[in-house]
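The two complexes that follow have chain A in common; it is paired with chain B in the first and with chain C in the second.
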Partner chain A sequence: MRGTLSDRTGAALLMAPLLLFLVLAYAWPFLGVVKWSFTLPTPGLGQYGALVSDPLVQSVFIRTLRIAAIVTVVSVTAAYAITVVWVRGSPVQRVLAEFCILVPFWISVLTRAFGWVALLSNRGLINTWLQSIGFISEPLTLVRNEFGVVVGMTHFLIPFAVFPLASAMRSLDERVLLAARGLGSSRMRTFWTVFVPMTRSGIIGSALIVFVFSLGFFVTPAILGGGRSVMIAELIYLRIFQSPDWGLGAAISVVLVIFVGALMALLFRHVRPRQLV
Partner chain B sequence: MQQPGRAAEIKANGIGKSFGSFRALDDLTLDIGRGEFLTLLGPSGSGKTTFLMILAGFVQPSEGRLFSDGADITDRPAEQRAAGMVFQGYALFPHMSVEQNIAFPLKVRKKTAAEIKLRVGEMIERVGLRGHEKKLPAQLSGGQQQRVALARALVFEPGVLLLDEPFSALDKSLRGQMQAEMKRLHQETGTTFVFVTHDQSEALALSSRVAIFNHGKLLQVGRPDEVYDRPANRFVAEFLGEINMLPVKGVRPADNGATGLCEDRAVNMRCKAEEIKGDAILAIRPEHMSIAPEAAAGENGIAATAIGSTYLGAATKLDLTTRQGAKVTVSVPNEVAAAALSKGNSVWLTWPAEKGFLLPEGGQ
Partner chain C sequence: MPTYRPGPVSLALAVLVALFLLLPLLAVIPVSLTPSRMLTMPTGELSLRHYRSLIEDPRWLDSILLSIRIGVVSSLLSTALALTFSLGVWMFQPRFTAALVGFVLLPMVVPPVVSAVTLYFLLTSVSGVSSIFGYDTWLGVAMAHSVMTVPFATVLILVSLSQLDRRIDLAARGLGASVWERATRIIMPNIKFGIVTAALLSFVLSWEEIGVTLFITSVNAITLPRLMWMGLRDNIDPAIAALSVILIIITVLVLVMRSVVTRRRASA
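Let's turn to the complex of A and B:
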């Protein structure tokens, strides 16, 4: 719906304190980070040069993009299935789906990461069970590698992937689905040729949100990756607090923020912010 | 394109539908003939869409059976009934072009690419969408979307085409044009059409038969002239157009129909008085009454006073009251209305015996 001018002015006035807070809390300090990236340890573009030539930084960037891509595909696919049940299922199915979506929000990232360690580690539930039924003889390495990171991140991100999809599915005109069936299309065919294409904006929004979130993950990869699957956020932390190589850490941050900014711009060209919640 | 023999013949037998405790349809029995153009007419909320959805297979009836060409299809899912349907609001596939929308039912039926191309092309020609093949529904006007919906529903040659208020969103001139086009499509395809509207003039203009609904009940089915000239009850009489209601007393059978007293003057009716005796309502359409200085002996007439008029262009609507205070409206030529209003306002209203019909007094 399009508001009147006075509506919009009113909304802008109400949002002004929030905007001011965001500028003071994030944008202003970030300018400091930008400054470091050009001045530490010596003024110039040296840090960006190092960033391009450093094989460690490059491999972390590539790993981050790869993990984010895998997590995006898995999360959006799983979220799609959950959302279909949530939006279109029977009343009981809806309640169950809603429970699955909301429960993760009540448990902290840290608790969930350690929970996954307990499940996936060599002596964790899954390996013990698989060994006890004789399916495997040696424990599978499910954690302290990329697999564990992907599992933990996917679990965290599915609820965020659900909301844009739910909004797209709710706004879909039921009669179009009836029309497809009336024209002779089976339920399966209607799902793939009508339902899925009509929720395209939700899929794009959902994928971009998950991807952007994935790029900034810190706690989950640190715990489930066990130091072997370092992602960008952790690398920045290591450069600034452990190396300490503030200039390089800052330069990586700047590149990450610009990349994420570009993705957000893409996101808002495809979907209206209203559809994301 | 279609053999008239392929049109479906549908029988609804005691169909009822409840939503919780609400009765949306009640004991509906109706035969829809092969290749006929049947209109379901009724006010909003009378159950027309519900009945159409039951015909299409999207809604399961709570009671009753449905037959198509003699086969019981009550439990057959929508995708196997193959009824063409045009929804209120068209329900086009927004992500498909005009061409793809129309090709959809053929692709579902696994027709060859060559056949699909041929038949989609034919259909696009037939509904006048040449040049718009590649456009998305959102890029079309309301009338064009309507044509796509019609083409998509007809391209697979269904035995029956169901249309739910297809023209309610169109402006008046476009509506007339689409009505003519639909009549043509009906003749060309020979398919059975079941058309829903709440617009009585549309129903009378298009249909071979009209079925009138109110509160989930089927009140009357008949040819347009039958339901208009001989409505079964007061609701149908009033819903199909403006009508004057005069009380008549002492109705009894007479030589050629019935007779009774209307404001102390004998009036004759051509209808039978078997069902209605004693006091009743005499109903006459405004266009069937004329203005006269005097009613001849034996002629049906009532004295009235003109009290106002509405100029309608081609005619004038004249409002009158009778001596006993009944309100009457007639539509007469403009000069007649002007004369009636100037001449001391006191006139006689007359009507031919076959144009008046009796309704039971009070209720329906």
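Let's turn to the complex of A and C:
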């Protein structure tokens, strides 16, 4: 009996500091933000009403969903292509693929967005080169629009899309693939009818992760969108620091959390957390 | 034994993706060598003036030192909190473990911008009480970074604990070791690699954190990413290109070293 009692005290003593820290520094202030959404500037549901009726807020929500959907399709497809080589390639191919995935993954979001500015801006690498070979006379507008945002976000999210795909591809039984080939199925057919369906859980997991990340993305759209294609996260920032309309910023945050929570619940119904790492 | 290898089409597509991933990282190199004061491709002569301005301009040096200070403090705090929590989970396997771990992982799952608004609320509230801990102070930023990095540290330490053989702890317990002795002399030495990795990851995440930092700083606590952000938004300063090149080179070196070490470990 004494054993269980000291066990409980021990567990409580060890776990308390972190739990207390997060309750005070995260859960409590989050409730404060929820309170803002109902009380600023006047008590009531006014801010949530404004969310539904304000055409600007609506257009930002629709743009965010559209960009997130495009980015999800492009990044998961691109990630699939490089993951196949990372998991199934020859030893040299694997090392090279791993390098190309991990180097961008570890480099900060700001540096990566800046790299795209250097490539895509009016006096950037691509425009300078196209003009010097006489292909175009006026620089193409490649940043400060939705195209730049999609390119930058896709670049940021490909490594995140790779990990669930890689774990799905690693856990698949190679003998099934060899059997399909041995029975005379072509490379293409084996890939589309055996390989892809067997990695379904990885595809769903990776698509949901990328989509959820895209919804709350701030830095890349703010830099590559140049204030012209504002997404939800940037709208929250503008509402809190420029308008300032804290109540609306807080209300958008609350809606975003609920939406992402629902998507995460969907994710865990389809794939067990273990399969994501 | 035959193996299933990707065909030529797969390889070609993978090469395209690899180029896409590396291109923006390579693009900053020529820009960093431009002699111009604006962001342009160098035409003809190259110059190292933007590298020099990183050392000579006190703004860059100050923000680098501030980022290191914040990174060290927040990494120590989040590693210590994650370690004690994980030890509690592993040694006592309390009820509701899944719910408690889920709660701890929240800052990692919630969209960063919402965490940023939340921490903004926290620090502006604290500002009314204490001026050294609140909005736009380095201690406030360090605390906010700890909130954001503690889930990652916890995951890493829990993973390395899950690979530990429970029987060594049971043996220590059977021989009469106290909770303190089991934790410090049996368990921690066996997961030290995980603890060090957690501390390093927390430092790196704090070092490059920008999403939350933007919301909780204005003029005093200018971390390195915050300074880069200001230079990127207004008038693009090519010194950012020079800094990016240096950061990219460091990252590549660390990754190459790590892969050499893991390969040695695997072959030894």
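One rule holds in what follows: the second predicted complex is superposed on the first by the 251 of 277 C-alpha atoms of A that agree within 3 Å, B and C clash if a C-alpha of one lies under 4 Å from a C-alpha of the other, contacts with A are read in each partner's own complex, and residues count from 1 in each chain.
Operating definition for what follows: a contact is a pair of C-beta atoms (placed from the backbone, for glycine too) under 8 Å apart; a residue touches a chain by one contact, two chains touch by 3 or more.
In this text, all values refer to a predicted model and were calculated from it rather than measured experimentally.
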Is A:Val92 in contact with chain B, with chain C, with both, or with neither (first, second, both, neither)? neither
Pick one for A:Val103: touches chain B only (first), chain C only (second), both, or neither. second
Go through the superposed model and pick first if A:Ile133 touches only chain B, second if only chain C, both, or neither. neither
Does the superposition put A:Leu22 against chain B (first), chain C (second), both, or neither? second
Is the number of chain A residues in contact higher for chain B or for chain C? C
For A:Arg181, select first, second, both or neither according to whether it touches chain B, chain C, the two together, or no partner. both
Partner chain in contact with A:Asp173 - chain B first, chain C second, else both or neither: first
Based on the superposed arrangement, let me know which partner A:Leu14 touches: chain B (first), chain C (second), both, or neither? second
Residue by residue on chain A, keep only those touching chain B in one complex and chain C in the other, then list them. 178, 181, 187
Can you tell me which positions in chain B touch chain A when the two form their complex? 56-58, 77-85, 87-89, 91-95, 104-105, 108-109, 152-153, 156
Using the touch definition from the top, list the residues of chain A that touch chain C in their complex. 6-8, 10-15, 17-19, 21-22, 25-30, 32-33, 36, 78-79, 81-82, 84-85, 88-90, 93, 95-104, 106-119, 121, 123-125, 128, 155, 158-159, 174, 177-178, 181, 187-188, 191, 212, 215-216, 218-219, 222-223, 232-233, 236-237, 240-241, 249-250, 253, 256-257, 260, 264
Could you pull out which chain C residues touch chain A in their complex? 2-7, 9-11, 13-14, 16-18, 20-25, 27-28, 30-31, 38-41, 80-82, 84-85, 87-89, 91-92, 94, 100, 103-104, 106-107, 109-122, 125, 143-144, 146-147, 150, 154, 179, 183, 204, 208, 210-211, 214-215, 225, 228-229, 232-233, 236, 240-241, 244, 247-248, 251-252, 254-255, 259
What does chain A use to touch chain B in their complex? 173, 175-176, 178-187, 189, 193-194, 197-198, 200
